[in-house]
């Protein structure tokens, strides 16, 4: 099954990106275009999730998935923080910043997992997009609390604003709502762009993510063996917790696998920017190298397959 | 001949997410204007970086401000404590401007 | 019917953009990508208009629509100028600059109107694209003449160049001619990009326009109550004149509505740049805030529906 | 037949770009978007070539085409160098730099030729994409050797790196390999983006190339009559040699024509950057003006048709 | 040791549509070269702005020119009348250059 | 009052493909950091150019480096031989910095 994953064009383009960066090729995707693709991908998955929920309606499943997602995002940073300070040897500030990343999620990992699962006939529930949006920012609160424990932060309002008005939260939730309002019929005229073109764009975006991840790893001067190990152990633990939680609340295999992949994934969009702002003393070299340089490729190439199989065993 | 006066040209290289925080300091010392210059890439003790719109956190920007000596001094005092923890690069040079009362 | 408009994904994305800017979200569409989308949209509508005219041939209808469009663009600034100086309290320079914007047209308002009308089974004539291109720049001449009356401008050649070689004029007219030369068969191979993807791109572009319009409004320090009122009254007057003129020369309902919407719309691409160049003393804070911050959203959300109904009543 | 070419939208958009630049319009395609389109085009032709080779398998034809392509790229610069020094009056450094451009190839010329040939029912073999990738960089070696003859270059490693890890080589070869691994079935889900949208994107890209080529010509201060003539004579000679070579090794008409067009084309992506790096004393005003300002439009408008007819006569 | 001479570093922040007009003034006083630096955003008495490719009119650019003192002086005189109406920001600093005869 | 020291602000305008080569020279003279500033367009004796991502060869970049006088001097000596053939524009100005030991 990992072979299936590894021969899908989507993953192959990611590997091409990694390869190009490692051989020091000057291949580069213009940043404006990469950003545009990430906006497109978020709008597209938001829309599709909203349409699916418009079809199926608000259900108890949706509500329990939302609650479990929120809890995972809020609580996973505590476990990560303990490991990062004790095993990783990080100080409180850096550990809190890294922990926030691992409580939050990676949109691209989610999208890639959804594509691969769907390609294997395992479609996760439409509301998982809402869970994705819900899991993005609560971890920021936990991470900051861990980093600043005892010290009152003066900037509570700014933080709440960051949690709710963050660009990717607004875009995912906004597109989700538009999908619900427009429904299947309203979606029809915009389908060619948002549905048909989706996988191709994902290929090009993962090519760029491969370049970015590998360059981050090459240029990093902040990683040591312990942090590298933690950047693989944390997704393994978090992902297993996620799959277990999903199975326990009665999710289908595909959705439980997706919840595991969300838990395993680490943010590299919403959280780094928030941490740079709210915890400027934390070292961005550590959290970006771990989440983007190691955990992201690990999840794309191995994690997605692994948690899908785990969900199959448990479900 | 047009009369010119000497003012300070302040350049601060800073991580893009921190720009609003620094502009707040600038407003606090009554600096009236600022411009953000696009930086593509760089390198230093902490390794190299490139502009990167996707994650955003790795991007840096130059804040350019023209101000009189007092304001420049006040700004330096205000942000000196963070120079290290925020990884700022602050330089101040002399320039001639026309109609110096603006700054 | 306004409900139909407001539940179309195209409009909902515009509202999402407005919302994101008003809650001060950091959501932003890369400028290079937004510019690219506007080029794509202009190339696409130019091509489609050209193909339709290739099918229908040059007709008297086309010629009279062209003449009426030209006249509207040249004459509407005079009315606007009178209102802007007397009611708005603007000086001659600023009033001339604003008046030029209201004589000219907004490509995106046109495109959105065309989509919404077509979605309601009301297709405006193909040659309306040519009318759009014709209306873009003549208003610049009128606006400058009003602003500079009495003073001879030294830069007549530069102005004529701006009127004919302006980027959007060249692109619209160029694509229109390509559409006429290539015809329906020549268009077939490029149709997937220019036709099928069109509405989806329009969604993303309007998301950006929502952000830009709302940010312009928030950052503006130049608007007062009178100017805000004029930015709504001017499109109402100009749009009604446009619908009336279209109906009088015998246009079908959809085309008359479209002419009204063109007349009601205000430029925020070709004219601002031209005014900054030709009338640098005029305050861009005034003309951009009025045309982009108020008139544009007003037309998208209310004006399109309004003038369509007016055309239905008159026709 | 040249009329067929000239009424295809792809070519008409190129002509529109030339026209806009010559009338000094401010029309401009954002650079990030143009770069994105060139990446898309290379990924798309790489994928398609790989899929075709996956179907047809590695054949003797493929091997002989690869060898002849390599030889052309390595040897054509010698002929060009002789003409550039004797007739063009260039010094050794400039002549070597220009010669490298004419040994290498233009991806866009290839893509445009493929579209036009396919539109006439003449599909070149899928492995021609591999030939394209193979011809891109060897000419750099020949050009540098000609320029530096006698002087040992200190930077041999850097040069080899440039030849193999160049962005367009990595992308073309990478996408080619992905196409071979994924095959026709794996391509299916990404087909809408990479196949269906292809021609439309090519239109917009050629619009930009028209602008770039014409602006290069207008801004150039380095061209004289002899260099202009050589920029037309070199593609005529190289293209004829290419068609002849292709026909002699038994290629079908479409592939021989394509080989001719590759030989006739001059690089303006991989080679200029390499020359600026490896031969900074050479004048970029000369090589960019010749390859981009003259040879590129010549090939797009005349060369493609010419070498196709030549291949038909010989085949 | 390489010999250097002092020249003027002129920086003009200007609305992008006005750039050609200012370059004309620069050519008129015989300034031989110029470079345009990308500005992303800014703020001043008139409120804030961001780079904006769609409408274009709100974009600003820095024109950077190296010139000798006489030419810098002549340029200042030439554009001083427009400083207010065009909303220009003009600063002039000293820099050392090699081969000063170029400027 | 914060103590500041004078350092050199070095600006090199260079064709983008040549940037790595110049950074090598900077490392050789022990300059610790650099930033690349985005240049959109320019003009000089050789005609005008615009940033151009497609061919790449026509793009230019400003390398900005803060360094002490000795390093600035050493860099100037190192790249002076190429100033003409590489078509570089090199300027050096004075700026005040906090914590000068970094440079």
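In order of appearance the chains are A, B, C, D, E and F, and numbering begins at 1 in each one.
Operating definition for what follows: a residue touches a chain if its C-beta (ideal position, glycine included) is under 8 Å from a C-beta of that chain, and two chains touch if they have at least 3 such contacts.
All of these numbers come straight from a predicted model, not from anything done at the bench.
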Touching both subunit A and subunit C (chains): D
Of A-D and B-F, pair with higher C-beta contact tally: A-D
Rounded Å distance, subunit A centre to subunit B centre (Cα mean): 34
Euclidean distance of C-alpha centroids - subunit C vs subunit F, Å: 45
Chain centre separation in whole Å, for subunit E relative to subunit B (CA means): 19
For subunit A, residues that touch 2 or more chains besides their own: 30-33, 35, 192, 196-197, 273
Residues of subunit F touching at least two other chains: 37-38, 53, 93-94
Touch-based graph of the chains, sorted into line, ring, star, complete or other: other
In contact (per the touch rule at the top): chain pairs: A-B, A-C, A-D, B-E, B-F, C-D, C-E, D-F, E-F
Residues of subunit D touching subunit A in the complex: 30-33, 35-36, 39-40, 43, 47, 161, 164-167, 170-171, 174-175, 178, 181-182, 186-187, 189-194, 196-197, 273
Residue ranges of subunit B in contact with subunit A within the complex: 15, 17-18, 20-21, 46-58, 82, 85-86
Interface residues, subunit D side, partner subunit C - complex: 7-10, 12-13, 16, 19-20, 23-33, 119, 192, 196-197, 199-201, 203-204, 207
Contacting residues of subunit D [partner subunit F, same complex]: 31-32, 34-35, 38, 208-209, 212, 215, 219-222, 268-269, 272-277, 280-281, 284-285, 288, 292
Touch list for subunit F against partner subunit B, complex: 1-2, 4, 7, 9, 23, 32-38, 61, 66, 93-99
